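You will see two complexes here that share chain A, one where it goes with chain B and one where it goes with chain C.
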Partner chain A sequence: MSLKTLSEFNWSVMTPEFIILGVIALLTLLDLFMPKRLDRRILGWLSIAGIFAAIVSVVSLLSVEPTSILHDTFTLDTFGKAFKLLLLAGAGLVMFLAVSYEAKDGMEDYRGEFYYLFLTALLGAMFMTSSSDLITLFIGLELLSISSYILAGIRKHNLKSNESAMKYVINGGISTAITLFGMSYVYGLSGTTNLGEIANTLSMVADGQQAYLLGLAFLMILVGLSFKLASAPFHMWAPDVYQGAPTPVTAFLSVVSKTAGFVIVIRILIAVFYNAAPSGEGGSILFRMHDYLAFLAAATMIIGNVVALKQTNIKRMFAYSSIAHAGYLLVALTTMSSNMIFSVWFYLLAYMLMNLGAFAVIQVITEKSGSTKIADFAGLYRRSPVLAVTMGILLVSLAGFPGTAGFIGKLNIFVGAFYGEPHYVLASIMIATTVVSYFYYFGVMTQMFFRPARDESKFNVPFGIIVVLIVAVVGSILFGIAPNIALDFLNNLQ
Partner chain B sequence: MNLHSILSILVFSPLLGIVVLAFLPKQSEKLIKWVGFLATIPALLIALAAYLHFQWGKDLADFAVSKSWIQFRGMGGAPEPFFSVNYELGLSGFQLLLVVLTAVVATLSAIAAVKFVKKEWKGYFMLFLLLEIGMLGVFTAENLILFFIFFEVTLIPTFFLIGKWGYFEKEKAAYSFLIYNGLGSAVLLIVIMILFAKTGTTNIEMLTKIIADPSAPLSGDLKLGLLIALLVAFGVKLPIFPLHSWMLKVHVQAPPAVVMIHSGILLKIGAYGLIRFGLGIFPEQFKTLATLLAVLGVINLLYGAFLAFIQTDFKMVLAYSSISHMGIVLIGLAAMNEAGVQGAIFQVISHGLISALLFFLVGVLYERTDTSLIENLGGMAKGMPIAAGFLLAGAMASLGLPGMSGFVSEFMAFLGLFKELPWIAAVGTIGIIMTAAYLLRAVLGMTYGKAHREFTGVLDLKGVEFVPVVVLFVLIVLIGVYPSVLSAPLQTTLETIMLGLGG
Partner chain C sequence: MMENAWLIPLFPLLSFLILLLFGKRLKKASAYVGIIFTLASLIFSILVLFERFSEPTYMTKFEWLTIGDLHLTAGFEVNQLNALMLFIVSLVSFLVHTYSKGYMNGDERFPVFYAYLGLFTFAMLGLVLSPNLLQTYIFWELVGVGSFLLIGFYFNKEEAKAAAKKAFIMTRIGDVGLFIGMILLFWETKSFEYSEIFKAVDSGAVSGTMITLTAILIFIGAVGKSGQFPLHTWLPDAMEGPTPVSALIHAATMVAAGVYLVAALFPLFLASKTALLTIAVIGAFTAIFAASIGLVQTDIKRVLAYSTVSQLGYMMLALGSGGYVAGVFHLMTHAFFKALLFLAAGSVIHAVHTQNIEEMGGLWKKLKLTGPLFLIGTLAISGVPLLSGFFSKDEILIAAWEGGHPILFLLALIAAFMTAFYMFRLFFMVFTGEARSEMKHVHESPNNMTFPMILLGVLAIVAGYVNTPWFGSFFGDWLVDGNPALGHGHIEGPIWIMIAATVVSLLGIYVAYLMYFKRSLSRNWLSGTGDTLHTILLNKYYVDEFYQLTVIAFTKGFSYFLRFIDVFVVEGLVKGVVGIVQGLGKTGSKMQTGQVQTYGAVAFIGLALLAVIFALTGGYLR
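Coming up: the complex of A and B.
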């Protein structure tokens, strides 16, 4: 590639990524040269500013026609723009949690890294939204994963944190290997790594043997990626990692990392398998594999919601809850209705707001009490009515009651499940498990509102947490009452 | 004034109270109670004005409002919305009556709360007003999604009202309420979605038309299945035996002011749903289920009545009595003729008033004596003659004494059923005798029974406590002697239902 072709690319479409990359470089250097005694929190605020600048640059790119650069490995299209905004907003809120997080258990010395590792993970996720090549997709995925492994274990002297990072690395390694193995089949059958070319080549596959191999590849990729979604069969890491990791990292894993997981799954499902080997019985590979997808969705919802019932640790409970939400999102993928991307995007938006808000409250409570038991929420209403009511609203949204964004998100998925070819069983499981989820969400409510407090001490809520809570509650209610704001926005994207 | 916005004002007027309460300090008890009570007044006034508007011969359709609210579109800017939900409110005669009932009972319940709620008034009234929004919305919603949304909105405040302000086993009762009703609404949502997927609309009026059209893309079996699902969904709420156990817990454990609402209005949502959606949308299939419904109704009636006879706690007597009386609603519906359906609707209204009255009196008794056991209340007529008198009057209305509202509804429901299924109706009449027996046993045991304690120092009804008692009693007698206050607004509703049933 000569310098001339390099300079001819329309690099401006990569501005958001460049901004994040620049901030990462700046922070690394600052961290290196700043005197040890200076508070590293300033780095956190700098990264928030960087993320904000990136959001602004994505917004300014909204009207740009879909563009491909770097020989079709990087594409900025509607899908990319929509999900990039989601990732940036989620990461921005997580950074607010991170600057409010008290460093302890050996994390004091790595405070700076704590911030820019979030940014490298975010950069990986952003690349995934725009990559149209298996290689770049995979590199984005790995960048995200490796940063998250370190983040999970950043409390070096804490046993749980170490266990969490270890489990995360091992599980992540296995699942990545499986994904990569699946991708190698796709490459073997199509001879290219470019998603567009793969789609073209595979649409001409008519041979039954090859289609069979493609089916195998589909399952392996899906199973491997279920690690990132925290869905069955690779969900087991979630409770342990969520419990051990610092709360902002847990929030990051449950929201940003999951969003990135859905990004890559949708990319691969649609680009590679949507029209692969269409001449076979039952349509293309995606439609032939439909039952497996449905099974995984059902299993994820059931496992997540049922096991959550027995949890006494709030972070473990939220781990299972996040598994359950991945299950609902898989329902949207399974139905493949024409508003699939729409409903996934909206649900992830709603989920980001309510889950990050809930984690903000969890962070305040667990830092104060020093443990992560659900019983620590007892009497929260007496100790801090505002926190309790905030958490109440977020829990109601997580449970999917009307008036909140969580309800509209579920309704959206639900409508999709009945549109076209109705999925009665899957929809019934979804709604039945939703009722099951009332038990554990309202269990926290019971603690907060009905039980007496163990100690009556008040809370000191840091500024960062307040920002997150306001955004989360206002967003959850706003998108619950006037969801068209978000829906029209997405609809008007080029 | 523009009539179109008036329903929205009616439904959301309690919101003003919630906002004001949010800014009041927690300790200013008096102010909070006043605001909580006054916030129910606008809805009451508007509801009464709407009733007068109707009585003056104007058209209720004036109130209808429809605005587009949510559009789900496919990706890539498809021009046609994939699915849209409109904000549609409206009133028919039947809905009007329920809205008036809701507004009246809500205001009276607020008075009860002012008297009986002993702690955290701010939270109580905010939740209570949210509950009122939900109830008013349920009865005015003109499409199924909106109905569902308001239906779910009633669940959360009720959960907290029971769980926080209830009696000893309140948390259990609150959970059992949430899960049973959650399952009921889950089934309801599935029905709504299937209807939408098949017809492309959730507007109730349009659905009624489309389903009635023989060329509709729904097979008879599917319609029957949907109706049975609706029966389950609303059967939980009504409740129909054997889906009733949650309701007993709620009646016993919830605070009296909440039970007034619960027994007076929330249970009626089940009846309303069965009549408006079951009978209204699936009249053909309803016919095939008529015998089943009649049997279920008689089982409810007898089961409730027999168990009420052996209860020692007056609250339990009333809880079983509610089950028993909801049996009469089913009996009336099963008759599928004008008298029967009218009887069922009358029973809905009448029981709403009677149970609100009785539970208010339970609240008064409990406040004075800390008990609701029949045995411990023996001889209360000595100390509280006025309360005892009203208790007896309420019981008389409940057992169907002519001249009171209970009589009219029971009479018409049975009249209807005797025409269609005389044998089942004959069995059902045992229930009427039992009703008299258990109510008289309980009430006489309390008023003139053997005294276990002195009632001399106990205060009788006083001050504002007279307001709910007298208002409810007057309404009960008014319906009893002049039933056309109800039957006139119901005329068109009944005609529409009869038309759907084929004459």
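Coming up: the complex of A and C.
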């Protein structure tokens, strides 16, 4: 590749990524040369500014036609734009949590790293939304994963945090191995790593044997990536890791990392397996394998919701709730309705708002009480009505009540399940498990509103948390009342 | 102004949110928040109502939700009925807000009470603005939630808790009917919007059976909310709630929602003779049935509760006989005089701290304002000439007669006699006779409680004059303007109906006078002449017992079989489901050993299992 071709690429489509990269470089240098005694919080605010600039640049790119650079390894298309905005917004809100997070347990000296590791993880996720090549997809995935491993263990002297990071690394390693093994089959069968070319090659698989291998590859990639989604059968790491990691990191894992997971799953499913159609009846591989997907979706919904009932630790409960939400999203993937991408995008948007808001409240409460028990929420309405009502709205949205974004998200997926061939079983499981979820969400409500408080002390809510809460509550209600705003936005994307 | 009507429900919502968040800090000032916001609603409603007098219906909608090729809309509509309901609801709500400041004074959860009132008012106002069934249904449910919270406000009292639950469940039974009817209509007409539904019904796109079926299903929803037989039992029990709540919920708003629903969907009901007849029969039966129970009740609020059920029956009878104007007219006058009666009853209870009328007496001299106001309400509901209830009841009787239901007309006339009787029985027992010695410290209620009653008292007298055979039927003409299908503003009826109604109500008052004031007639003539009848009435025709008894008889009839099903199948199923969920949860938690090897192994085994199934099924499951 000569310098000339390199300069001929339309690099401007990569502006958001460049901005994040630039901020990372800047923060590293600042962290290195700033005197030790200076508060590193300023770096957090710089990252927020950087993320905001990246959002602006994505918005300015909205009207750009789908463009491909670097020999089709980087594509900016509608899908990429929509999900990039989601990731940036999610990461921005997480940054607000991070700035308000109190450093202790050996984290004091790594405060600077705490911030820019979030950014490197975000950069990995952003690359995944735009990559159209298995290799860059994988690099993005690893950049995200490795940054998250360190983040989970950043409280060096905290045993739980160490345990969390350790478990995360080991399970992550296994999942990477499985995913790569599956990808190697795809490469072996198609002879290329470019998603577009893979689609072309595989659309005329004549051989039954090859189709068989593709089926195996599908299963391996799906199981490997279910690690990132925190869905069955690769969900078990989630509660332990969520519990031990610092709360902003937990929030990041449950929202941004999960969104990135769905990005890569959709990319691969659609590009590779949707197009791979062996001759003969039965349609594409994805269609033929969709019972497996349905099974995993059902298992994930059941496991997440049912086990959540038994939890006494709020972070573990939210880990299982996040597993459950991955299950609902998998229902959308299973049914593959024409509305699928919008359903997934909208659900992730709603989920981002309500979950990050909930984690903001959790962060305030757990920092005050020093533990993460659900019982710590007792009497919150007496201690701080505003926090209690805010949390109440977010819980109601998580449970999927009418008037909230969570309801519209579930409705989209539910209606989608009746497109084409109706999925009665899957839809009923979704309804039944949603009802089960009322119990644990309302368990927290009962604690907040009907239990006496152990102490009457008030809360100091930091500015960053206030920002997150306002965005979360306004968004949850706005998209619940006027969901067409989001739809119009997505339809107007080029 | 009408284009801003959507603001009207938002004021109480705002009040609800503010009180929920800051109620603890505001304490007693919460009342002012509630009062000011509902006053804003009231002012807007009055402006909207006056503008609607001269301008055509305003309606706006926007696409709310698109799922694939399914388009759902939301919006609001100000037609005559909606504008009128906005006014009634916001007026009564405002007055109840004001009244409660005195009545609920000193309650520990004072701000919470005002917050709930705000939520309920929001739901009710939202309901009457909805231009489509789906939106109506959402607010309908929200009204149910609001009433649940208000009825169960004293949740330390077991009865209140039970009553709240009963109200919620009984109305939910009706809601199921409404829901199914709504979905069926949607399948048939492809729309939730009222106008689209009427168009489809008009054009004959929906079969006659379907119209009857959906109309009756929707009416079942109205039966639940409006306390019609056989789903009426929740309403008297709901008297466990604070008295201002009874005035709000059981006079002007929630119970009127069922009548409103039938009126709003009137063109649909008109298309089915069977549905109309069903409504008329249920209405007339409920009217006389509840009135007869009211004859022997001894709890002041329960008498009023049964009279509400009975009066709602009148409205249903009117609608079922095709008397759209009569039904809506009575809805309005009833809202005023029944709210007045409830508030006055609250004032009495506030003064004497008991609800048992046997323990009251001679209060006329002590409650100088409440007494006359209660009398006004009593005269109005009894249908004494020149008060509002007289005109609207007359319209209903005419509608029933002209609608061709002589038997139902007769039932309604008897019910009118009973109404006059039991209402004056109540009045004489509470306000005349010997004053009890223990009631020495009785004093009149504070101004913020008497002011709403005075206003309602005035309305209870004059509200009828908007639609009379003598001064013109302005109200009725306006109500049906532009909608010839709804019938005439005023139905001409024979003059003897009016005379008969007057005679009957005066006769009722006279009998009550003889019995409870002059005491020249034995008070116990009922229990004396027919012990059984008295017991039956006292036990409200054993409907509650009937519900229990039938279940028991049913179980006995098929004793072993049902027992088997009950114990081994139903219970087993319930226990089984709970057990399975619990067990799964436990197993899931146990599997979470904390050992990272387990996690990896589970993932790996999962993958292996999938691969094995894949291999065994020859590659593809299907």
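Structural remarks
By definition in this document, the second predicted complex is superposed on the first by the 491 of 494 C-alpha atoms of A that agree within 3 Å, B and C clash if a C-alpha of one lies under 4 Å from a C-alpha of the other, contacts with A are read in each partner's own complex, and residues count from 1 in each chain.
Here is the rule we go by: a residue touches a chain if its C-beta (ideal position, glycine included) is under 8 Å from a C-beta of that chain, and two chains touch if they have at least 3 such contacts.
What you see is a predicted model, and the numbers here were worked out from it, not measured in a lab.
Of the two partner chains, chain B and chain C are each touched by A:Pro483.
Of the two partner chains, chain B and chain C are each touched by A:Asn339. Legend: residue contacts after superposition of the two complexes on their common chain; A:Trp11 is shown touching neither chain B nor chain C. Touch criterion met: A:Val415 reaches chain B and chain C at once.
Using the contact criterion defined above for the overlaid structures, shared-chain residue A:Ile178 touches chain C, although it does not reach chain B. The wider contact with chain A, measured as residues touched, comes from C rather than the other of chain B and chain C.
In the overlay built on the shared chain, the residue A:Phe463 is in contact with neither chain B nor chain C.
In the superposition on chain A, contact is made by A:Asp240 with chain C only, not with chain B. Using the contact criterion defined above for the overlaid structures, shared-chain residue A:Ala211 touches chain C, although it does not reach chain B. Chain A residues in contact with chain B (one complex) as well as with chain C (other complex) are 338-339, 385, 402-403, 408, 411-412, 415, 419, 483-484, 487. Residue ranges on chain A touching chain B, taken from their complex, read 78, 338-343, 385, 396, 401-403, 407-408, 411-412, 414-415, 417-419, 422, 424, 427-428, 431-432, 434-435, 438-439, 442, 445-446, 449-450, 483-484, 487, 490-492.
Residues 26, 69-75, 77-78, 82-83, 145, 148-150, 152-153, 155-156, 159-160, 163-164, 170-171, 175, 178-179, 182-183, 186, 189-190, 193-194, 196-197 of chain B are the ones touching chain A in the complex. Residues 166-167, 170-171, 174-175, 178, 208, 211-212, 215-216, 219-220, 223, 226-227, 232-234, 236-237, 239-240, 282, 288-289, 291-292, 302-303, 306-311, 337-339, 382, 385-386, 389, 402-403, 408, 411-412, 415-416, 419, 436, 482-484, 487 of chain A are the ones touching chain C in the complex. Interface residues of chain C facing chain A in the complex, by the touch rule stated above, are 20-24, 62-68, 70, 138, 581-582, 584-586, 588-589, 591-592, 594, 596, 598-600, 602-607, 610-611, 613-614, 619-622.
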